[in-house]
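This structure is in structure tokens; I'll ask about it shortly.
Chain nomenclature is as follows: A, B, C and D, assigned in order of appearance, with residue numbering initiated at 1 for each chain independently.
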Amino acid sequence: MNANASLIPKLVALAIVACVPLSGESFYIEIVGKVLVMAIFAMSLDLLVGFTGLVSFGHAAYFGIAAYAVAILSPEYEAASLWYVLPASVGLSALAAFVIGLFVLRTKGIYFIMVTLAFAQMAYFIFHDTPLGGGSDGKYLNNKPSASIFGWEPFDLTNEVHMFYFILAVLVLVYLFLARVLQSPFGRVLVGIKSNEHRMQSLGYLTFRYKLGAFTLAGALGGLAGFLYAVLFGFVTPELLSWHESGNVLLMVILGGMGNLAGAIAGAFAFEAMREIFADITKYWQLLMGGVIVAVVLFLPGGLAGVPGRIKRALQGGEAK
Amino acid sequence: MMKSTFKLAGNLALTLALAAAGIGAANAADKVKVGLMLPYTGTYAALGTAITNGFKQFVDENGGKLGGREVEYFTVDDESNPAKATENAKKLVSRDKVDVLVGTVHSGVALAMAKVARDTKTLMIVPNAGANDLTGPLCSPYVFRSSFSAWQPSYAMGEALAKKGIKNVATVTWKYSFGEESVAGFKEAFEKGGGKLVKEMTLPFPNVEFQPFLTEIASAKPDAVFVFFAGAGAAKFVADYAAAGLKNSIPLYGPGFLTDGNLGAMGGAGEGLLTTLHYADGLTNAKDAAFRTKYAQTYKLQPDVYAVQGYDAAQMYEAGLKAAGGDPEKKEDVIKGMESAKIDSPRGAFTLSKAHNPVQDIYMRQVKGDQNVMLEVVSKSLEDPARGCKM
Amino acid sequence: MDFASFLIQTLNSLQYGLLLFLVASGLTLVFGIMGIINLAHGSFYMIGAYLAFVLTSATGSLVLAVVLGIPLALAFGAFLEWALFSHLYKRDHLEQVLLTYGLILIFEQLRSLLVGDDVHGVAIPAFLDASIQLTEVMSYPVYRLAISVVCIVLAVALYYVIQRTRLGMMIRAGNDDRGMVEALGININMIYRVVFALGVALAALAGMLAAPISSVFPNMGSHVLIISFVIVVIGGIGSVWGALVAALIVGFADTFGKVLVPELSGIVVYVVMAVVLLWRPEGILKKG
Amino acid sequence: MSTTTKNEVLLQADRLTRRFGGLVANQDISVTLERQMIHVLLGPNGAGKSTCINMLSGDLPPSEGRIHYLGKDITALTAAQRSQVGIGRSYQRTNIFPQFTVLENVRLAAQSRRQQPWSLFTKAMEQKWALDKARACIEEAGLGKRVDWVSGVLSHGEQRQLEIAMVLSTDAQVLLLDEPLAGMGSEESASMVEVLKRLRQTRGILLVEHDMDAVFAVADMITVMVNGQLLECGPPAQIKASVAVQQAYLGTEDSFHV
């Protein structure tokens, strides 16, 4: 109804972000690029947490699997084709999510949180303990994938500005894609499952299949973010799959307010900004970070997305008096 | 009246702006920017602090300067988290525009940093992380190391045990790169000397439930056991090994990380252990004595190998800057200066190999009380083979 | 593997499993009764270990440290429940998880500020500082056996509490249905406070007892956290018996995994978990 | 599916038994539901009516006994699969999607008949067939005036009607309705009874209900349960006349209107 009203701030935000490369400061181009990657990651998790009601505490696994996939699939001394490694890595993450989903979706609620955590930890150890991806030291991706198609090169990922806009384009596409999916019959079923899964079953929906679909899709998009991360930084490590990363992305979703795609993006920005600022102010930044997390949970149940509403309500309350 | 006030204000502003610009320019020309990317929180926080202390101690001794210029520090807590390593390194390199990147302890983080250094052609000095690859296949003109390679102390131990006539050895380590590289280095020297590894055991990092391996060792009865562990895991292994009664029947050896910084935590279980490392207590050179006294005075702490590595990182950079006439921008000259430098380290003088790793003496040390006392030099001027380095 | 080794490895498995049970029992209790996934459980373990270190240094005796440490841990748990968790019962599980995630950061940093980042050892009490000769070269430390005994005593005590007391009645009837429990005329807020304090105390006790053999070091909590989660997952929601069975299974899987399939030892435990989940999605001993 | 034969047996449950641990909640319950018939399950609280309806809908697997739908054994089917063959149910506690509009609640139910999870780019709100069907069912359930309301704000009675609309839009031939009149005022009750009568024309309805007036107004067949056992089954007149039923259940005045 007020889609147009909320569209304008979004476009403004997009325009501002799109101007970042104009600064010419490669650090900021890269750091904002990374935040955009995390925003994609947060949106993919929001599909599960905010829209389907599946609180996955192991989402970093799919991020990491795709990141490792690019590093492993790329030859050491030359660039791989983007059009091969991108679908392959995303596909591997989707496959992993599908297989793990078969296990974890048999459980519900609080138990689901723990089981997803445990499976992600299993994936972590596979990369940490086997020579598959360089073990605990991680692995370099020395050559960023090449976008050339039969000799024609539409863009060049080794160029930091191209890379930035590539990520931004992917972000916009993922946003539009998810927004569209949530409007589709499939998306409506997911929202129904979040609201009342039992009712969905009694209406004749085999909800397991829908949840598996959502889990796989979220895994694939999480993998897409992981792919971009690996290409952006050229280095992958088992820590990308650790439960801390899963916790961080959940925090982004919470900060932005669950069930709100634009909120997930805002949450990613807020989280990364907080981390940067605290780390710059003090050696004891973890204390501040922990304090903020506790405060947000206690005082801002709707996340940042809930803040404007709260202010509005407070103001209206004031007027009424 | 009004007009002149405006004029005055305008002049004032102009003056201030010029002054600011002048200061800025002076800063850029005069100061050398050092980026310290080390762990200040988490498991390795104590090591990060020791390295920082060591580095700053040399700078202080040098009149607060490096290459004749004031030093400006930029510090980042790397949390020993490789997932944030690239970003953190970029922060120092691209945002703060440091002249040299000093870090770090964790090998995974150091590898990520080394990639940034290589890609951005920034000078980097590794003050601890021992991954062979850093001065092996991933070596780079820009990456130096003031510490050691995982291969070095272990290879020296392999040589020493073979020389002692020990034939059968069992090994235990964590299943991660540093551990596996250490065992590989040991194995290379030990088998060359006619020894044989009867059992190679690994457990996932950071699992510290060693009891199953102690049982295996007791049943295999090798002549000796070689292990790589560090930090709390090392303390636990040594204590468990002693508690299982194995210490008296099957001697335990390992690189010095087994006992460095852990003797207090072992509570006497480590007494008499033999380990190899590029530093020790009870060295007889004057440099070490001065270093220790000063360190203890300044920081109210006993220095350790990490402090030495931090100190030497500063020394190496000083040597480079000197060769470049104090200008950090002349990277070629700085690199050449460092490559050809002879570093007068508290550990004993060392030079740098072609792959930029210290060519250094490795000591056999024995635990006595709370010290790792030097017994002898087991490998004189040991040079890492730098396999895979094309430089 | 010869028979003697097999027996000793079995002993190792049991001993390790019991220690894991001690760590996981508090987690499963809080999890089952309050419905809270407590990521800070590892931090309470770490806090226990540091308490053991600080109090042993101060008093000269680990036994005294434990005697002093348990009431401190109980009080600390009750305080946290009062100050933080009691405000969140009506919220989503997710927010409770994140609260505990924030607490980890706070506790780790405070630990660093207060006690520093060094590795410390804690002396084994003199009367337990002995070992029993098992084979000609190997002996078994008495302290480890003593811990096993404590764990068994604790398991029996928990059994008694759960089967014979009012609190236990709740736990059995239990879960997070506040309405039903209140209808039984029980002050649920008090019950939650007691359970949370108990959970913290169990974790801290585990840390205190493990301190002499594992030593005391930064981030030690995160090492035990994940394995505790796996145990709770295998054992089933909130089931103390499930946790015991699962801890022993993990103890055996880990010990024999290391010896028999060293290449896979890191993931053996997770494979066990996956198999259990295929067989019983809600864990071995689902409550109720 | 659309052929409606009078007195066709839709649902047949034979000797259903359900145990919870040592407790027998239902023992040897047999129920038959024919098309164009309203069959009421009657019994005091705790008689096992909900257990019975849960077994019929697939929410609970029976410990023993078989269930047939149009002659096919459906005992092993899950709730979702039973919905797909044509058995729909409503719940004792209102069970809707409160944040959705009335239309979206019913549209989502209608969508379950033609699931196309792969068509990610179709807008659900543009699937005309589902919308049309949803609108028709809302009308049929008597909620035509509330199409665009958020369902959470509807009155209790309207929410019960909404549930029925949802079941209707799944093409259910058998409606299992768990206390559709519970908590309704007399006016709402009366209009619901009208709705039920209308629905009976083409379907079979199995009802759990306490409201005696309503029960005798609409029932074609009544099964009385006590303590998990089947006491008596027959047309309303037979039940009214039954001594056993009067003794066990109807005799106490206060349980008439629970």
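Operating definition for what follows: a contact is a pair of C-beta atoms (placed from the backbone, for glycine too) under 8 Å apart; a residue touches a chain by one contact, two chains touch by 3 or more.
For each chain, UniProt lists the protein as follows: A, C = Inner-membrane translocator; B = Extracellular ligand-binding receptor; D = ABC transporter.
Computed from a predicted model, the values in this text were never measured in an experiment.
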{"item": "Contact-graph separation of subunit B and subunit D, given in steps at minimum", "value": "2"}
{"item": "Pair joined by the larger number of C-beta contacts - A-C, A-D", "value": "A-C"}
{"item": "Far-end chain from subunit A, centres as C-alpha averages", "value": "D"}
{"item": "Nearest-to-centre chain - CA centroid comparison", "value": "A"}
{"item": "Chain centre separation (subunit A, subunit C; CA means) in Å", "value": "32"}
{"item": "Chain centre separation (subunit A, subunit D; CA means) in Å", "value": "43"}
{"item": "Gap in Å, rounded to a whole number, between the CA centres of subunit C and subunit B", "value": "36"}
{"item": "Whole-Å gap between the CA centroids of subunit C and subunit D", "value": "48"}
{"item": "Per-residue overlap in subunit B, given as positions that touch at least 2 other chains", "value": "41, 175, 204"}
{"item": "Touching two or more other chains - residues of subunit C", "value": "108-109, 266"}
{"item": "Numbers and ranges of subunit A residues touching at least 2 other chains", "value": "125, 128-129, 286"}
{"item": "Pairs of chains found to touch, sorted by chain label", "value": "A-B, A-C, A-D, B-C"}
{"item": "Complex interface listing, subunit C residues touching subunit B", "value": "1-2, 4-5, 8-9, 12, 15-16, 108-109, 112, 116-123, 131, 133-135, 137-141, 143-144, 213-220, 223, 254-256, 258-259, 262, 265-266"}
{"item": "Touching residues on subunit A, where the partner in the complex is subunit C", "value": "49, 55, 57, 103-104, 106-107, 109-111, 113-115, 117-119, 121-122, 125-126, 128-129, 243, 247, 250-251, 254, 258, 284, 286-287, 289-294, 296-298, 301"}
{"item": "Residues of subunit D defined as touching subunit A within the complex", "value": "57, 59, 78-81, 83-84, 88-89, 91, 95-100, 104, 108-109, 111-113, 115-125, 127, 130, 166, 170"}
{"item": "Subunit A residues touching subunit D - in the complex, by the definition given at the top", "value": "180-181, 183-189, 192, 195-196, 198-199, 201-207, 209-210, 213"}
{"item": "List of subunit A residues in touch with subunit B within their complex", "value": "25-28, 30-31, 34, 125, 128-129, 134-138, 140, 233-235, 237-240, 242, 244-245, 279, 283, 285-286"}
